[in-house]
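Letters A, B, C and D mark the chains in the order given here, with residues in each chain numbered from 1 onward.
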Amino acid sequence: MKSARAFIDRIVGSFAATNIGRAPAQRRADRLARALRTLISERGEASGAALARRAAALYRGLYGPGRTHFFKVLARDFSPEREAVLEAAQAYYRDPSVANLASLQRVAEPPRQEVFRRMNMAPGGTAMLLELRRALLEESREHPELAAVDHDLTHLLGSWFNRGFLELRRIDWSTPAAILEKLIAYEAVHEIHGFADLKRRLERDRRCFAFFHPALPDEPLIFVEVAFVNELPSHVAPILAPESAVGDPRRARCAVFYSITSCQQGLKGISFGNFLIKQVAADLHAELPNLKVFATLSPVPGLRAWAKKALKGAVGSGEAGVQALREGLLAAAADDHGVPSPAMKEPIEALAAWYLTREWIGGHGADPVARFHLGNGARLERINWAADTSGKGLAQSFGLMVNYVYDLGDVERNHEEYMNRRRVVASGTVERLAKSVEPLLVEKPGRTPTSVP
Amino acid sequence: MKSARAFIDRIVGSFAATNIGRAPAQRRADRLARALRTLISERGEASGAALARRAAALYRGLYGPGRTHFFKVLARDFSPEREAVLEAAQAYYRDPSVANLASLQRVAEPPRQEVFRRMNMAPGGTAMLLELRRALLEESREHPELAAVDHDLTHLLGSWFNRGFLELRRIDWSTPAAILEKLIAYEAVHEIHGFADLKRRLERDRRCFAFFHPALPDEPLIFVEVAFVNELPSHVAPILAPESAVGDPRRARCAVFYSITSCQQGLKGISFGNFLIKQVAADLHAELPNLKVFATLSPVPGLRAWAKKALKGAVGSGEAGVQALREGLLAAAADDHGVPSPAMKEPIEALAAWYLTREWIGGHGADPVARFHLGNGARLERINWAADTSGKGLAQSFGLMVNYVYDLGDVERNHEEYMNRRRVVASGTVERLAKSVEPLLVEKPGRTPTSVP
Amino acid sequence: MKSARAFIDRIVGSFAATNIGRAPAQRRADRLARALRTLISERGEASGAALARRAAALYRGLYGPGRTHFFKVLARDFSPEREAVLEAAQAYYRDPSVANLASLQRVAEPPRQEVFRRMNMAPGGTAMLLELRRALLEESREHPELAAVDHDLTHLLGSWFNRGFLELRRIDWSTPAAILEKLIAYEAVHEIHGFADLKRRLERDRRCFAFFHPALPDEPLIFVEVAFVNELPSHVAPILAPESAVGDPRRARCAVFYSITSCQQGLKGISFGNFLIKQVAADLHAELPNLKVFATLSPVPGLRAWAKKALKGAVGSGEAGVQALREGLLAAAADDHGVPSPAMKEPIEALAAWYLTREWIGGHGADPVARFHLGNGARLERINWAADTSGKGLAQSFGLMVNYVYDLGDVERNHEEYMNRRRVVASGTVERLAKSVEPLLVEKPGRTPTSVP
Amino acid sequence: MKSARAFIDRIVGSFAATNIGRAPAQRRADRLARALRTLISERGEASGAALARRAAALYRGLYGPGRTHFFKVLARDFSPEREAVLEAAQAYYRDPSVANLASLQRVAEPPRQEVFRRMNMAPGGTAMLLELRRALLEESREHPELAAVDHDLTHLLGSWFNRGFLELRRIDWSTPAAILEKLIAYEAVHEIHGFADLKRRLERDRRCFAFFHPALPDEPLIFVEVAFVNELPSHVAPILAPESAVGDPRRARCAVFYSITSCQQGLKGISFGNFLIKQVAADLHAELPNLKVFATLSPVPGLRAWAKKALKGAVGSGEAGVQALREGLLAAAADDHGVPSPAMKEPIEALAAWYLTREWIGGHGADPVARFHLGNGARLERINWAADTSGKGLAQSFGLMVNYVYDLGDVERNHEEYMNRRRVVASGTVERLAKSVEPLLVEKPGRTPTSVP
């Protein structure tokens, strides 16, 4: 306790001395910092809610340089004390007693963690902290020292937004407009063109689910859109078509996760997607036993960029045919917005198969979407030609999309293969495609890791 | 990341070697410990919910020695590594960079914190963790090394049960029976004798409020009972009388907080009472402007025990009258269950006034109830003779009860006086009473700290 | 419209003349009657809600002779006008045109129906009308002319409490105490001894459902209690035992409706039981496919009283054995509170079988409970000896209870048999029992109607 | 009962005979009619819900000529029997006993009322009956004999949709989209252009309230839109402007009811508007004491049509100036879509004042909107020039709109004036305007009824 007191006195003192002649924005930030010191003092324990309310009001009044200054103060003055930490670590090293462990943790935890916990007590506190983190991430680009603050906030938010506290809610046409409006604004995969478009996505042959946190009852954290169809889909347009006939959910064989969107910038890096997909798949499976296949129709956002680079550097077997193929693929890759020739279908699909099953960066698959689904234990099932011929689809992946299949009985085993053996579980067709492009990309074929058919 | 991996491998290895020839209960505990190691590994990230469910099932099957063994494993094997901590602390001392701070925090946080966060993902996880802590506290009496586990769990629960996540709910006769039943079971101050008794406490001249956490929607965390009366009450019996006439809340002057009960043993030491009283006072003030006084009618649980000791050692001024008074008080204090003579009213009240305003233990008031209310910023208003003549009331405090007054405009100032100057804010009458007993208790009167009238 | 105006003027006038020298209670009643006339006038259309509120307040202030007087005014002055009715009927007879039918209905409907409809607009109006009818039924015993008012109110309430407006709600331990308390108070079949007793009846091997009306959200209209058991029960005690072990609902074969209670005296004669039982049976069938039998365990309230009379007048075949049997049964019937000798088991059961299958009063079964279930289409399945040995059970039916079985596929056919052919559908055993007692009760056996096995 | 039986047998019989050789649509209608006869028989009492479900399914399958035929059967075969009515009326005339009154009512009530009550027991029954009435009204235009059916249905729906059963709900941006969508579709006064437009009407300086019936939880029956403004508004455009700044509701002086829409064609003629406006005014008054004026901004839909006719036939005082004025007004009235010249402002306003205060048709004000508000007890406060310059506004009323003021303390008195004395309560300005046009419209001024300033 003593060191905490000392710490507070020290920074309160240092502050009083430096608060002369500053700009108004900084003065406001300093006033907030002082308020936060009181907030984490003993006095804060007794008058926590009232002080938190005042601190929240001060923070909400900050902007521009004032806010930047405040973040810097948080980074500089609310970190653990070096001496105290070293002393406590040495004591713990000598004797890992309960008391030494407790004091280690007390001094090693940055005081700003307590700051954030207390700010959360203000009405609307949780929303304010999400907004604070959003702003912090923005400013971190220019001020890398703020990463320390972000580290603490991420840790705290990760703990608070624990899966055990999230509520899965179905979104449908009887959901409040205030929430639907947010879905329209947040949707990141296939743009929703207003309420009428959204309504089609909420008919009985579609489903939408979102996670919510009790402290933010009107704010979806992440949502997934599902379509019930008869077979594994190879094109996204029929799913998105606003005028399509509404099907009978009890006759569908396949549930397609065709869009998944994280909504809160303030929760960046705290992942819910894995939980969401599996929970929704399990729930739908229980409700509609006719559903036999749970799959995605996903983009391959990194394909073209990777292809350009990979083809340029490709050694290959040196055969003439292989060389010609390489030229053709290089030309196709260079035409960023062009519709690829049907003749290139198989080579490009093979390239994609290779990219998704053989390319690893730092122990993870190279493609971000593949990384997410394969890391969750999905299987790479099929590559679909001309599946998304929108400008974005062509630019990213020659118009290709792929299906990842979630087979709930296999996800753990698949995940193990992926994480521990760095092998992608893929269908035989995909595997054959990948193999077919080996002569082009590898000097000595047969040495590369394979996927697991 | 490397050190985390290494840590896991090490303990998984050490475990495999030792798991032969153990009793079934221990084997079960070891199986759980292994599950928890998987749970906090990378694999746990992908299959978190499923693994958490299995771990929860294993924990629920533990009891007796198996559970003890498990807690000991948590204490021993899920603590921070000494070497890693020391290294990280030294690095941070040399260079308090973002990266060094991050790695310090990673190794200084006991891995069991992540264990608890992941267990919370199981359905019913939060309730299970509260039950786990309750059991842990029980076992800690015999196994003090478990305090380290409790320290982590307390820290985590304190963060999760942050005021910002609690929901204040009014409890009335339309509350589900399942919740009312719990109030009857939990009530710790004035026993509730069944539903009929409770019903009287929920009539319109009474109020009851509780804090709930969204993850435990049917479990009150703490509740307070309020009576609307015309003046500051001096006896508790009229408030508790089940047959009393129901008054009009819009004509009452005074809201009495006559009972406040913490419900969850698993949340011991995490305090909500301060927030609850102030929130309820503020809300009632807004709803019923006729309420002018917000006060308690509180026991003085430590009075008699303190009086016995204090009178025995009392030096006093040595005058004959003072000596006689001392004899009388000693006799009264010795008669543990007797109704004190009316002649002793003033001396005993004076003793109580002294006790509540002048006695400090380790920087806090000596009486636990006084400590709570005075620490919250209440004022000690009045001492009431024969206020609670139940056996318990006589035994603890000669039948005395006191009123603490919450004046929302003054609580911060009062709290400051109490915390920083060690002065109790009390009414003039109480202060005079305390002064009157000085000759008995102090050798040289006038030197003791005074309260603030 | 003219005649309505005239009607109002006339009674307003007649009233003004007679309102001198009356007692205060009557004056209050007259004031209310005047208010009601305004209420159903054109002015009432514009200021309906305000006038209804005033009328409601006046009614709530009535009691004793004032209320009686008011009811009499309702009966006398708010009936259709004889001349107007006759004229309209003659016109309609001559020419059943749309206009003539409309004017017939206008004058034939007693104006008090509009009175009640308008009183219903007051806050709490529906509850007030139920209370009004309860009082009216009470007073009708002494004042038979009030039956006309009751006729109108019953018609209106029957229309308002249409099945289409009722809400079926499950009652369990998370139901508000305010509602559970009412169940305890209302239960009419097997007394509920406080909340603890009720709690057992709401465990997972029990169910309770009630109908509610949206205008009375806290008032159950009728409720049924169901027990899940393994086989058709022959005794009620095991079902009611508060300490019994809680079973698994997914393993039960049989759902027993062991208690059904109508709650509102003000809704006497408006029947919901039929809807309730069938809806609950259908819902449980869908939720728990393991349930194969839906049955009651019902009292036979009229058995002993009927037996006394029937045996006295019994002609019988005149054989000696039959005579001896008659003597024995007469003796058993005379011993109102005695436990019948085991030797009498079969004869008494046979008597009951006869009573339930062969005795008709005015086209309906003689026993009121039998009438209800058989009229609903249930089958009389079994007669249970010593099923309810409480004082009431012995007094009413020698301790016998019976099972009625609801086979949802058969209820319509059974109902037809019962209503149109006056035949009770009963099991073979019951039918044989009934047949066996023929020689005692009928001069020439074989001529009586039979039940349908 | 006998006559009811007889009645059923008779019509069942007559039906069996005539059901040969009909078209399929008629056969379906006949099948439904037979089902309805069963439904109102005794059998229907026991199996009501099941039979109602079947009847509902049959009705839902009807269309075109089948439906017409069915309605005709309802009109012809489900009316009271002439002989029975006459007999019962004669008996009641001779002796108005309870029994005679009861049997009169039994035979005078058309059996189709019971038909509708039983159909209501089907799931979705109430919604189906509203739809049935909508269709009935449509067909009544060509088949006037259906008016008898409509008369019964109106009576029943009026009883069921009694104010006491309606729920007032606030509509805001957190209302389910499914309901908001209906508001957009139903709005009849000032078209709502999609969700964005609606959102502006739900901001905090606007309010929207609707009545709902518990049996139709997603169907607004009527809704009113309110704007909080600083003073009595004279133009509608600023209120409707989607981009306008959002004001502070606690600073507004005036609540303007600027749109009120009845939603259900099936409830035509059953009025809720009066209740809605007064309830909303009372609630807003309690919530926002700063609101001093409750008023409308209303169209005058009948003005131009009346003006054309009135001016043509106007006798007038014969003076030259008056004649010129008449010519000018006639020219303005003839130019159906023109913006009237500013020079005509006062004459046209005067014409409107006269129209709204002096013109009576059948005891009611000539203008339908005026009739509604004045009948509710509002005061005609002000006539606003160029208030609604939309095409519709110009065509109906030269662009004029008026303010009706609801002064809750005066509505009863105003209503009395209007209903009993045929006098419109209007402001002094309006009254002077009306007077000013007397020389034009009346031969001998001073003889016309006046309004009440």
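Everything below uses one rule, namely that a contact is a pair of C-beta atoms (placed from the backbone, for glycine too) under 8 Å apart; a residue touches a chain by one contact, two chains touch by 3 or more.
Remember, it's a predicted structure, so these values are computed and weren't measured experimentally.
Engineer: Please identify each chain that touches chain A as well as chain B.
Structural biologist: Chains in contact with chain A as well as chain B: not a single one.
Engineer: Using mean Cα positions as chain centres, tell me which chain lies farthest from chain D.
Structural biologist: B
Engineer: Where the centres are mean C-alpha positions, what is the separation of chain A from chain C, in Å?
Structural biologist: Each chain reduced to its C-alpha mean, chain A and chain C end up 62 Å apart.
Engineer: Round to the nearest whole Å and give the separation of the Cα centres of chain B and chain C.
Structural biologist: Centre-to-centre distance between chain B and chain C: 54 Å.
Engineer: All pairs of touching chains, please: list them by chain label.
Structural biologist: Final set of chain pairs in contact is A-B, A-D, B-C, C-D.
Engineer: Mind listing the chain C positions that touch chain D in their complex?
Structural biologist: Where chain C meets chain D, its residues are 42-43, 45-50, 79-80, 82-83, 85-86, 88-90, 92-93, 96, 98, 101-102, 104-105, 108-110, 117, 120-122, 125-126, 144-145, 147-148, 151, 155-156, 159-160, 162-165, 167, 214-215, 274-275, 278-279, 375-377, 411-412, 415-416, 419-420.
Engineer: Considering only the defined contacts, which chain C positions touch chain B in the complex?
Structural biologist: Chain C reaches chain B through residues 173-178, 180-181, 194-195, 199, 218.
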